[in-house]
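Residue numbering begins at 1 within each chain, and the chains themselves are lettered A, B, C, D and E in the order written.
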Amino acid sequence: MTFSGEFLAFMGLALVAIIGGVLLLNLTKVVHMVVSLIFTFVAIAGIYVLLSAEFVAAVQILIYSGAITIIMLFGIMLTKHSDEEEPKTGKWRKILVFLGIVGFAAAVYLGIYDFNIEQVPTTLHENNTMQIGKALYSKYIIPFELTSVLLLVALVGSIILAKNEKKEADDK
Amino acid sequence: MNLTSVLSILVFSPLLGIVVLAFMPKTAEKAIKAVGFLATLPALLLALAAYLHFQFGKDLADFSVSAKWIQFHGINVSEPYYSVYYELGLSGFQLLLVVLTAIVATLSAIAAAKFVKKEWKGYFMLFLLLEIGMLGVFTAENLILFFIFFEITLIPTFFLIGKWGYFEKEKAAYSFLIYNGLGSAILLIVIMILFAKTGSTNIDYLTQLMAKPDAPLSSDLKMGLFIGLLLAFGVKLPIFPLHSWMLKVHVQAPPSVVMIHSGILLKIGAYGLIRFGMGIFPEQFETLSVLIAVLGVVNLLYGAFLAFIQTDFKMVLAYSSISHMGIVLIGLAAMNEAGVQGAIFQVISHGLISALLFFLVGILYERTDTSLIGNLGGMAKGMPIAAGFLLAAGMASLGLPGMSGFVSEFMSFLGLFKEMPVIAAVGTLGIIMTAAYLLRAVLGITYGKAHREFTGVLDLKGVEFVPVLVLMLLIVVIGVFPSVLSAPLQTTLETIMLGIGG
Amino acid sequence: MSSVPASAFLALALILFCIGLYGALTKRNTVIVLISIELMLNAVNINLVTFSKYGLNPSITGQIFALFAISVAAAEAAVGLAILISLYRARKTVNIDEMDTMKN
Amino acid sequence: MMENAWLIPLFPLLSFLILLLFGKRLKEASAYVGILLTLASLVYSILVLFERFREPTYVTKFDWLTIGDMHLTAGFEVNQLNALMLFIVSLVSFLVHTYSKGYMQGDERFPVFYAYLGLFTFAMLGLVISPNLLQTYIFWELVGVGSFLLIGFYFYKPEAKAAAKKAFIMTRIGDVGLFIGMILLFWETKSFEYSDIFAAVEAHAVSGTMITLTAILIFIGAVGKSGQFPLHTWLPDAMEGPTPVSALIHAATMVAAGVYLVAALFPLFAASNTALMTIAVIGAFTAIFAASIGLVQTDIKRVLAYSTVSQLGYMMLALGSAGYVAGVFHLMTHAFFKALLFLAAGSVIHAVHTQNIEEMGGLWKKLKLTGPLFLIGTLAISGVPGLSGFFSKDEILVAAWEGGHPILFFLALAAAFMTAFYMFRLFFMVFTGEARGEQKHVHESPANMTYPMILLGVLAIVAGYVNTPWFGTFLGDWLLDGNEALAHHGHAEGSPLIMIAATVISLAGIFLAYLMYFKRSLKRNWLSGTGDTLHTILTNKYYVDEFYQLTVVALTKGISYFLRFIDVFLVGGLVKGVVGIIQGLGAAGSKLQSGQVQTYGAVAFVGLAVLVVIFALTGGYLR
Amino acid sequence: MSLESLQQFHWSAMTPEFIILGVAALLTLLDLFMPKNMDRKILGWIGIAAIFASIVSVLGMVGGPVTSILEDSFRLDSFALAFKLLMLAGAGLVMFLAVSYEPKDGLEEYRGEFYYLFLTALLGAMIMASSGDLITLFVGLELLSVSSYILAGIRKYHLESNESAMKYIINGEISTAIILFGMSYVYGLTGSTNLIEIANTLSGIADSQHAYLLTLAFLMVFVGLSFKLAAAPFHMWAPDVYQGAPTPVTAFLSVVSKTAGFVIVLRIILSIFGSAASLSDPQVPILAEMQDYLAFIAGATMIIGNVVALKQTNIKRMFAYSSIAHAGYLLVAVTTLGSNLFYSIWFYLLAYLLMNLGAFAIIQVVTEKSGSTKIADFAGLYRRSPVLAVLMGILLVSLAGFPGTAGFIGKLNIFIGAFYGTPHYVLASVMIATTVVSYFYYFGVMTQMFFRPASDDSKLNIPFGIIVVLIVAVAGSLLFGIMPNIALDFMQNNLDILADFFS
């Protein structure tokens, strides 16, 4: 393969993403973990751009680096501030999970390491957003509407679960 | 005249009693008992009527009924395959068992009225359900129907043992459930394989199909299925070493239930072995006949020897049941008229004898609160009549000529001596042991020094005479005029022999 | 045409998936567990988007699928957090290994 | 007449049923029911007997049980032997019925006793007119039950209980032999009918070995019933029963059934010299063996019991040495004089309320009637010339001589000597000398007890004359008439020497007893001396019972306990094991359910990983 | 594609979904605007009415042609109809339970949500039943899941409820991720999310690498979905969640969402992997190659479910394991792929629906009364309320698969499938053996009810909703046990699934 800019970009982004992930596993302060993950999310957005999915990339930035990480931070604030993650979970389980993951990864990697289907030129990057919009509002209208229901449900659910009427009662 | 509905009525007549009972107050003891008893009568009368019908030379086929019932779709084979019919019928053999069932059930109802001390309502409802199951088992003409009735007997029995039994009733109930559950599970597998392979579970159809050289089952599979049947019914019979559940049941269950259980439920195993084992898989039976004979002898001796050292009379009887079922196997293993007929005779006669014995044990226990031979003795003083009947029943059980026990024992051995004299000779040792343990037990109870002062009326009285006399009468009648049984059996035997080709 | 082979993207996705999974199964803090799961979903999205470009007869569908996945993930994250909060209210902890009042 | 001979057994059966149902109400009156009905069958059987003198054998049968194409029949046959047995049995039974009226007076279970007697008589009569083996076997067993019930009549006595059980089981051991033999013979000849069996044997349709085997098996049955060695031990114990019962069952009738069986099947036995030899040897041995035990017993009934055993041995010896007539003849005479002896003994016991002869003595004057009658019996059994026993015993000795077994012959002589000795020992100790035990108001028995004895006394004297070397062998000719199968087993003209020898021997025995127990001129232990090991062995009956206890019973118990071990630990343990495993799995499973949500996820994922890896390794490239 | 083109589709085919959706929205609004103190039960009744209406409309479509909207993103075929009926019936009964659900604490002010979340969950399930497109399937699945997560935790002041919700959502999301990971490969190898297109494309490919990846995808998707089935290896959440969730929700999870799980499994497995060529032999489809793996999973599920259930002291946990076991039985049918596959699964789910909901109705009554969920609370039920005890007895017997009940016929169907054609003796034997094991715990409850003395003899009052459920459940269990052909023939005559499943 040639050392094209695309390649360098990919390398960089992938590196960032992975480092972010690794940090997630190894940092001790919860807040740091979340922050480190933001890098990963952003990097992934970059990957999307490389894959000529600008719209998805934008959504990625908005939702993940934006919404989700933020509410997670909120969650941390709302629950226990500045929590130390002291590793106390069962050793054997960690080992087991690790072995499992290694095996799994190896097996899957066998399947994908030389994955190549002869590539046909695509026009995904040409006003990508419009294509998506068309598809969403025509072919995928039903799942789209369902998603709205799903979001509504999530909304209501989060509210009723999270909000606390008994507070006053508790304070008294 | 059209008799096709008779069997259905006969089988389901106890349902009426159940319904009536359901609407009766828990507390109306007398009325409940009365209903429970009366509800067994229709079946009894119809059964006797059927027997007369036969004795007057009419055809039993008049009774058979067949109606489309379940059709399993999705298997792309055309009618009538993969459908289960509601088919009841009577052959001579089945007729006898139905009569036996009806009689014992009625007598057991009387016994229950005597022995059951609590919650008569629940007891009789379950009891009648059980009777439906038993009658159904013996009249069912296809395997799935048979299996359904077979399982229907399981649940009431579980509760009857577990609720109305003695101290360790629940353990007994569970070991009953688990063993018979396993047995019926194996049976179900066998049935379903047959069904899936042949598309029918009609017994006669299968019998003919298997006889054909182009039967859709490999001989290995057949052998496997037959061994499955042997196991399934071996649990029920029971065959050593599958017997331990039945000991618990005999000791813990209330007498009226044990009458039914050892009188009839155990016989389902023998019935199945003869009707399906021998009927559907004759060659396999032939191949294993030596094994079966050995099993029979083992049962016979094992039961006898263990009965010889039991301290509880109930245990003696339990082991003696094992021993006597050994005779059934012996007869079957012979695979000739004499043997099979002997086995069938043994089924009937043991049904009567054990019912009688357990009824007497119930009386004994009720009067003295013990069935330990050590605590009894000299009962002939306090309850001469009961003791006399106990002795007589014991004699019948040890195969005294002139009583039903002898005829069956004699024929079974007659049969086996023709085929495998050596094994049979070993088996005859059982005849001696039987005498030994039964006399030990019976004399231990009735003879010798009396351990207790007898106060009040101990002896049989009132309604108690009914079961005792009826059963004794039947035992003697069969013993003196065996033809009352052998006549209906001839056709059945011919068909079986035809299958065996012997 | 592209200098970066599809397999590279797939491998990246696989790695991230595994990292997420490991985090989800070993981290003690529930928030981290939830967020690790989000990482797994991200990995999936990378796969989808990759295939939408380099897969057999490529199409926009992959991206659509990814979008749906993202929105669903967002919803789940919200709900998960809400549950966590109500649980925290009762249990006063976010350590997942202390949520074992029901066992055996 | 004969075509209705089946009525003869039914009379006693009738009495059995009547007494079973109404005994409680009839009380003492039930005696009359029994007596009358047995009288009826006695009369009838006499008529049948006389008719049989004139007319040929009568047989009839009907289908009893159908097995496929085999038809087992039941019916009855009146041939010489059967007719004779009918007469003997019904006679003795009738007399015992009468006798018991007095003997059992005042027993609360009086009706039951008569009921049992009826049952037994029915069975015995049924046995002797059976035309086929199966029917014989059936009644054979019923007879056993009758005897069992009567032995255990005093059910509250532990000894009675034990004796009854022993009698039943030991005879059953023999019966199994008969059972097997019968069935084997059936498959050989396809029939249970005596006639068919004999025909088959005649036609040599049955292999010699099979004949020998079946014959010996059937003989085992006879051994059991007739108390032959080694199954003899139950008979002496059976004396626990009421004395009339001993007279009826254990002297005259049932114990003779074994002899009868061998006689009835004689053509079969005759076809196998081995079988005959076996019978003869067993018989002879039993004769001497039992007699030797009888020498030292002190219980009046046991002495008689052992003499019975020994006499039965005699009969077997006779049959074994092909002395068909001799056997049957002695069977008859023995029935009379042994019954007489037992009834007399009963009357003695009735008088002195003890059975121990050491506590008796000097009863001759007190029991004016019983004494002489007992003496008659004693003389008869001792074979003193002129009495019935003399002739029949002579026949046997002749047969033994002719049969060509000199050893057996001398054994028989020795037995005869002992018999004479111990019988007179008994007589002297009971009736002579002065009273040893305290004997208050000893009185002669009532009439209904004495008359039967008198009648038997007469028979004991005269019965012998139906078959004598001097006045014609009427019985023999009659028995053999028309039985060419038996013809060459007829009685042989023995040389007078045998007769003289027999007489001398028995007189010698009597004289020795006279010296030891009447004159007392000879010490009682002159033979065994001071160290009387021999005496102990004899009094302990050669320790046969103890031997059985140590071997057979112990073995049975051992096996039983071993099997119980298996039952509890192997069979039970198996089940417990399976259940335990399942329970354990359950426990493990629920232990894994630790409430740790991540564990759950881990399990799931690891499960997936395992599947994936397995596939990769087996199905994937890596092959 | 313009608005006109959108209008040309037969949207009427979606009437049942629209009804549910509409009413769900309506309930939300009503709940919002109703005065706070007013009883919300009325909403529950409205919901029930909606479900009935939807059942009616489904029945109206029975026997109609296959309708497909937007290239199968919605697809109405007999398969969809058959299973929608089950889901609707199940949800209807659950609603009856919900209406008469009176927990000690936690649910006062959320009745409204309680009801319409059931409806949305049902909607998701129905969509899963009738969609031929991975995306729609996925969204439907998530709609069902998210609603269930919230429902499980809706008793927010009840620790067990919160905890079960937490466990449920964490496991659920992991399973979702795994499923998606698998699906993404499927998409990648076919470039389409439409099941039928996928099938067509795959039947063309015989590239070993693709086959390998597809098989991995198969395993991922299946294991992921086994979460919804509560089958091994993804079964361990079930006991905790069942125990903590409100009883009606537990009932819903054990019946409706299990049904939905099997629906999606059948859809995806059969249509995709039934046609994709396997690695070992291009002639054999992956599904056939994977049969041993499936058999293993099914066997493990049955053994774990039945064996671990023996040790339980908590009735809801016990039923969790029992539902795992039943999932195992159903997987036997899936594994053996008998030609009567749809009959056996459909009928078994029907039977399971009836007997399980009936049992949960009684559990709800008893546990509400006693305030705890120990099996011991059933002690002496026969004394306290004989009718209830007897009904429970019948349902348990049906669950144990005794003849005369629907459970038995269901098992027969599965057995025929297992032995017909290439027989699966081992699997069937495991099934029957574990069934026998199950007698132990089912009859253990019986022992409590009939043999033990009651701890408190206070009578139980049975609300109307429960009565309805019990009548339907018991009557159904017996009816379909004695006259199974009422159901089987209905399917045979009206729903020719095999014909229009793959078209």
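Criterion: a residue touches a chain if its C-beta (ideal position, glycine included) is under 8 Å from a C-beta of that chain, and two chains touch if they have at least 3 such contacts.
Computed from a predicted model, the values in this text were never measured in an experiment.
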Third chains touching both chain C and chain B: D, E
Distance-maximising chain from chain A - centres being C-alpha averages: D
Identifier of the chain whose CA centre is least distant from the whole-structure CA centre: B
Most distant chain from chain C by Cα centroid: D
B-D compared against D-E, more contacting pairs: B-D
Gap in Å, rounded to a whole number, between the CA centres of chain D and chain C: 97
Cα-centroid distance, chain A relative to chain E, in whole angstrom: 30
Centroid distance [mean C-alpha coordinates] between chain C and chain A, Å: 6
Distance between chain centroids, defined by C-alpha means - chain A, chain D (Å): 102
Sequence positions of chain B contacting 2 or more other chains: 178
For chain A, residues contacting two or more additional chains: 89, 93, 97, 101, 104, 107-108, 110, 112, 114-115, 140, 143, 147, 150, 153-154, 157, 161
Residue list for chain E, restricted to those that touch at least two other chains: 135, 138-139, 142, 146, 149-150, 153, 156-157, 165-167, 170, 174, 185, 212, 216, 239-240, 311
Interchain contacts, given as pairs of chains that touch: A-C, A-D, A-E, B-D, B-E, C-D, C-E, D-E
Of all residues in chain E, those that touch chain C in their complex: 134-135, 138-139, 142, 145-146, 149-150, 153, 156-160, 162-167, 169-170, 172-174, 176-177, 180-181, 184-185, 187-193, 201, 239-240, 243-244, 311
Residue numbers on chain E that touch chain D, as the complex places them: 166-167, 170-171, 174-175, 178, 208, 212, 215-216, 219-220, 223, 226-227, 232-234, 236-237, 239-240, 279-280, 289, 293, 303-304, 307-312, 437
Contacting residues of chain A [partner chain E, same complex]: 107-108, 110-112, 114-115, 134, 138-143, 146-147, 149-150, 152-154, 156-157, 160-161, 165-166
Contact set on chain E toward chain A in their complex: 1, 5-6, 21, 24, 28, 69-71, 73-74, 109-110, 113, 117, 120, 123-124, 127, 131, 133, 135-136, 138-140, 142-143, 146-147, 149-150, 153-154, 156-157, 165, 185, 209, 212-213, 216
Touch list for chain B against partner chain E, complex: 69-76, 82, 144, 147-148, 151-152, 154-155, 158-159, 162-163, 170, 174, 177-178, 181-182, 185-186, 188-189, 192-193, 195-197
